[in-house]
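What follows are several structures.
One chain, chain A, appears in both complexes that follow, with chain B as partner in the first and chain C in the second.
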Partner chain A sequence: MKKTWQSPVIQKMNGGLMNKFGTRTEYEPVKHIDGVSVQSLIKEYGSPLFVLSERTLRRNYRDAYRAFSTRYPSVQFAWSYKTNYLNAVCRVFHQEGSWAEVVSGFEYQKALGNGVPGPQIIFNGPEKTNEELELAVRNGSLIHIDHFDELFQLLAITDRIPEKPRVAIRVNMDTGVYPVWDRFGFNYENGQAWDALKRIVTSGKMTLTGLHCHIGTFMLSTNAYRQAVKKLADLAWRCKTELNTPLQYLDLGGGFPSTNTLRGSFLPGTDAVPSVDEFAEAITAQLTELGYGTQDTPKLILESGRVLVDDAGYLLSTVVATKRLSDGRRATILDAGVNLLFTSFWYDHTISPAQDFTHHTEDMALFGPLCMNIDVLRQSSNLPLLNRGDQVVIHKTGAYNMTQWMQFIHMRPNVVMIDEEGNTHLIREAETLEYLQQPEKIPAHLQQPEKK
Partner chain B sequence: MRMKYLLKNEQVHFITHTVLNSYAMLFFSNRSGFALLVMLVSFFNPYTGLAGLMATLVAAVTAYFMGFSREQVKSGLYTYSALLLGLGMGTFYEFSGGFWLLLTLASILALLLSAALIARLGKSNLPALSLAFILSLWVVILSAREFGAIGLTARNIYWLNEMYATGGNELIRLVQWTEEWPMPAAVSGFFRSVSAILFQSNIAAGMLLSIALFLFSRMALSLMIGGYAVAILFIRLMDGYAGSVNYYNLGTNFMLVSVALGGFYIIPSVRSYLWSLITVPISYILVIALWKITYTWGLPVFSLPFCITVIVFIYVLQLRQAGGKMVLTPVQYYSPEENLYRYLNNRDRVYSQYYFRLALPFMGEWTVSQGYDGKITHKGDWSKALDFVITDTEGKTWGGTGTRPEDFYCYTKPVLSPADAVVEEIQNWVDDNPVGGNNTAQNWGNTIVLKHAEGLYTKLSHLKKGSIKVNKGDYVKKGSLLAYCGNSGRSPEPHLHFQVQATPYIDSRTLPYPLAFFLTRDQSGAVSFNSFRVPSENERVSNLQTDPLLLQAFDFKPGFRMKVKSDRLEEEWEVMVSVYNETYFWCREKNSYAYFVNDGQVFFFTQYFGNTKSLLYTFYLSAYKLVLSSTPGIQITDHYSRDIKGNIFFRWVQDLVAPFYLLSRLQFRSICIPGGEEEAPGSLLFRTSAIRCLSGKEKNIQSAQILVQGGKIRLFRVQTAHQQTEIVCEY
Partner chain C sequence: MYLRKNIATSENGFIFNPSTGDSFSANPVAAAILEQLKQGMTFSDIKAGLLDSYEVDPLRLERDWDEFINQLREANLLAD
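Right, the complex of A and B next:
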């Protein structure tokens, strides 16, 4: 390989013994994803490009399902739509047996469109319109009530339509972690949750089907789930004994972390976060301890999103330019920025070059293509020296990016999925100006370029 | 009218049935229509017929007042000997006052002998057959010579006169016409032999009886023809004395032996049919031998050879050590067809229900790493055992490096009780091996032995040290947590060893025993339902998950009532329990019964008796077997006991060859799916179908849907080629 010219730079000496081979790097280029070359993907679909691995999606689901189902007799996953609601992704999970967990009317419609039967859709979230609730009630979906106003809203609806809503309440509680997530649902400790349950049952107009909690996100403690199980189980027991309403399920929500590294965390994510198995062990052991699973077996529902999809997503990007900053730091500008990688606000994403490189590495800032100061992918990352036109793979980008991405300055790129046989499928086309302007309306007096 | 004053309605009903069944019983039947035909034919010789009827009536009335078991008497079992006696006496003696007196006494004697013989022989599971008839008629013959009031009759010589007296010209013409019909001697001989069972010798009677027999049972008629042919052939071969082969012997001895042993007391099969090649000639030899003895007293042998052959044969079959391939009819349905089809049905569907229900001793999906007679360690006395591990999509049993027990998916997974049990034995102190280790000193490692019943134990081995949660003597429920999977004993990598055994020790030898219900998943991800089978090596298995709403919907407690309505019919069904604890639906309007079993995992019907036009029958066919689980993709198949819906001619052909080969089987399939668009949300729908499998082709002949909503059966819809019905259930 012809060596590429690098402009000379004075670099601070780092510790470590000298040897005749110079400083070595442990980096490996990532040239292929599931056997498909990165180069060919960018050639065919352009750069930047989101790539999803169907094989990883399925494997993640099966690993998680196995972790729970070999420890508790009745387990159901419900795919968290907000994590990634590209239809192709949702359908992979539905094929694997997942229900749908949605938090808005349009997500609800998406779930229906993906062929999920009404009773297998869980409708969460603090804001649901009358129309959305009525549809959900008619379809027999599981409505998780977030606050008293929604409870009253639903009661009013029952006066208008004959179907009996199937409901649960979302419960928030102190599980020993900071911050306490108390903005969603009814609080356990102050008795609000119990009040809501009594109200639902005594109204006689709704079927109380289960209990829901979602104690946080990117949870790094399994013990918090033990606490949550204890408190939910206490409510379930009181529902059964005091309200004579045995519950069909306990929904422990999600919150399991992926192996991404949180910004500012000392250890890399692969070392710091507990595995799904550890969460499964904590939750099911606590359930078993409380006597569930033998005679009384409410379904255990899990709404995991991130842990199932994050490492199945890759963002491919191309180097636009490199430069030196005023303080001598190296900066690399990529064609993908925070407009696509929303999660870079809180993760230090791992970024790998997609082609062979020199041994030498250097700390560098990675910027996106936006003409905005916020567009920083990594403040500092130790990477080999990259040149214009080089390609990089940004790892573990499957969760939240393809839902929280912005159409800001740049349009959203193609998204492809590599199936289990190694075939690539375009699952979302790059946006066009036409698509972008399609909903726009120009008032009549602005139709002419000159003011009359 | 006077009868009405003399006897209560219930008594008239009882006696009518007793008499009719006595006639049917002569041909091993209990069908009233058939009985009426036999009775009619018996009146071809009016005196004989009248004497037969009178004798039966006397016996029936006596039996009623003597207080024998009503059900037994009503079946005709106690009184058919009297009927035969009456027919015999009517044939031999002139009618006179003395005759009627003697007939009455002899009938009562025949009844008493019947009761006595049935009781004595019944203790050895043997039938009394016509022994009572033979004995009582012998008594009459030997004693009648001493009574001046009784004289032999010459009527039989002028039988045409009597025909005229009963049926007029038409009957005579019919009889004469059949008599003059050009048919081979062998054929006319057959008909005469059939009529000889009623003490006649008359082609028309034989023909009519044969037609009636054909309608009642194809197998019985074919066996009679077989018996007849074998007898004729044997006589030809032996160049025997033709005089002993009268029609009476052909009919009552040889042909009835063939029916009794070919298809009545034994389940019809190739073997039972072939045995008549031996039993018919044996009874022929007996006829001659016994006649040599009895003729010295001037007595005919009647059906004694038949009785001896049948009784000896049945007795000997019971002496076999193993069950053997010839099966004695377990429950008598008074028709070879019914016996065969119901036996097959029970053998394939019901007998497996007597197994103790064992479930898989874990949660989720595991893989059988070593099955029965495995190559690694399941050998010799310990060959019928199962080893389980957990595998991932790639078939690996571990994640990470696979160098520590913790890397293995099954390590520290919960191990559950496969059924309700008492903890019999525990070993909880053996260290877990490192991966690749092998402790041959305590080869079973940490182990639990559970006692489920006397002589039925299960054993779970290689558990994690110190993980056992139960104590010796504890009572554990099915599915309770016992311990965690480990790597102790002869276990180089974590796995769970499971075996069934007949003795309570840790070292006990294994006992092959099926698991009740489990699911398997193949490489393509398709799930199938298995019942009463041992999982085989490399199968991915998991327990059946029942659906609480389905359990609730099919939980029919005794006393439960349900109203069902179609656009034409309305019925009420009630759930009842028999003395044997069998549960059944009783349809009030149609007096029909559908027996069912609900074992908490599967709901299925076992038998149906009664009207096939009822809604209950439709339900029986539609809900023949349902797995009470809503796990997607579970399809079950089963077979109806016989092809109930086919064309009648086809069914007749099937009956004729059924002992050898089942031409078509009527398969039942069912699958549970969430209610579709048109159904109420949260509902579950069973889609079932009846499919005829004939020479490799399948034809759907009935589709049904059963809609379960909110823990209740709301309605079922049935669609056949001709019509579609929707039946609404209310309760």
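Right, the complex of A and C next:
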């Protein structure tokens, strides 16, 4: 029998300068996702291909819900639509009991379309049109006011329609994590937040339902949430005692990190980030210290996004070519690039071959298919040699990619979901040229190829 | 083109170039090729032998061969 071929390579050994953390092994082959073979997925749905695991989505939700509900009597999650608003994904979370958290008119419409009752939709964000606000007021949704202009916009709406808006304000604050996200909401330290609350209550035209903050994303400090709880609780206390308005909820927003590895980080994300349990402990312990958690306690709302969906998403891709760069490094070109994987600007995504390989590994750059310099998935990753036609699995791609993907140079590919029984469902069809050009119009004088 | 005379190679793929002080590691196929280059075999004889003993189609071999020779040249291991 003939021996297995592997491309011959030599690699320069640099005198003793070994990575002090040891060579990371990212090269276990990953041939199956939830029991379905990667090869068969690509054969049936093409490459590249996004794959979502319904089992992981539900498990993540239940784990997070349990982490909070075992520590605090009244907990509600609201699915952050912008993290992944494919309807199938949203519906999994709604079936699990999640409300919807939206930041635009079209996300609001999507939530309604997914069957979420108006009062269970949280409407965040700095830009809401009159039509959008009126609809939200009529539906009894929770409107989180971002700035004074919006507050006055809403007051004007109350003159036109009979329903009383149910509102909260978004509060920004110093939690010891910098930079402070002070562009959204009303500032706590300078008294703006309190001014807004007074104005809402004294207007008599709106129902103040709660307080909201979202202190950042991919937060690595549990203590920051303790600070946020203290400051929101202080405002809530003053609403109750000075404005005679007890609040129904405190909304702590999202921000818990997924286990992805931040770019340039020495430690893999799995070792570096606090778990949901640790965040739940910090938040609920602080609430309990302040006397919350008994009867008539305000509801604790969480708008977690990435931590619930990131590791449920995979991007499958195929090797287009390999080449040597002028400095001798190997480059591997994949058919999926930053057009699909926006998060490769933040993360060193783990990439695994999807088939057996020979044991020689090499540091290589991984590029996407775009004819653009920015299209880098990994500057350097230690992987076995890959050949044209080989398949790879890119891990933890469920958050923000299926919303921030660009229709740039290439069209968006199929997205499938593997259900809990291992059946595969197409949940978004690959785009076509027809779909892409459907909204375009060609002026009459350009209908003919020749200039008149 | 041939492998520089003073290059030291070992069976397990260690390569040392005494004139530059550089050392390299070779994967098994590369080590086998280097061994044959050292013995002074011609490129075409080595390639024919590889086709006989490995599961590889001729086009793929050509492509990999060219890239490998380039690597050797860049590493200063070849002489004309």
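In this text, the second predicted complex is superposed on the first by the 428 of 452 C-alpha atoms of A that agree within 3 Å, B and C clash if a C-alpha of one lies under 4 Å from a C-alpha of the other, contacts with A are read in each partner's own complex, and residues count from 1 in each chain.
Operating definition for what follows: contacts are C-beta pairs under 8 Å (C-beta built on N, C-alpha and C of every residue); 3 or more make two chains touch, one makes a residue touch a chain.
Keep in mind that this is a model prediction, so the values were computed, not measured.
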Chain B versus chain C as contact partner of A:293, first or second or both or neither: first
Broader residue contact with chain A after superposition on the shared chain, chain B or chain C: B
Which superposed partner A:66 touches (first chain B, second chain C, both, neither): first
Contacts of A:358 with chain B and chain C, given as first, second, both or neither: second
Which superposed partner A:328 touches (first chain B, second chain C, both, neither): second
Chain B versus chain C as contact partner of A:268, first or second or both or neither: neither
Which superposed partner A:5 touches (first chain B, second chain C, both, neither): second
First, second, both or neither for A:138, with chain B first and chain C second: first
Residue numbers on chain A that touch chain B, as the complex places them: 58-59, 62-63, 66, 68-75, 97, 117-120, 138-141, 163, 166, 248, 281, 284, 288, 293-295
Residue numbers on chain C that touch chain A, as the complex places them: 15, 22-30, 33, 52-56, 60-61, 64-65, 67-68, 70-72, 74-75
Residue ranges of chain B touching chain A (in the complex, touch as defined): 362-366, 390, 392-393, 399, 409-410, 412-414, 477-481, 542-543, 545, 548, 632, 674-675, 680-682
Chain A residues touching chain C - in the complex, by the definition given at the top: 2-13, 324, 328, 358, 360
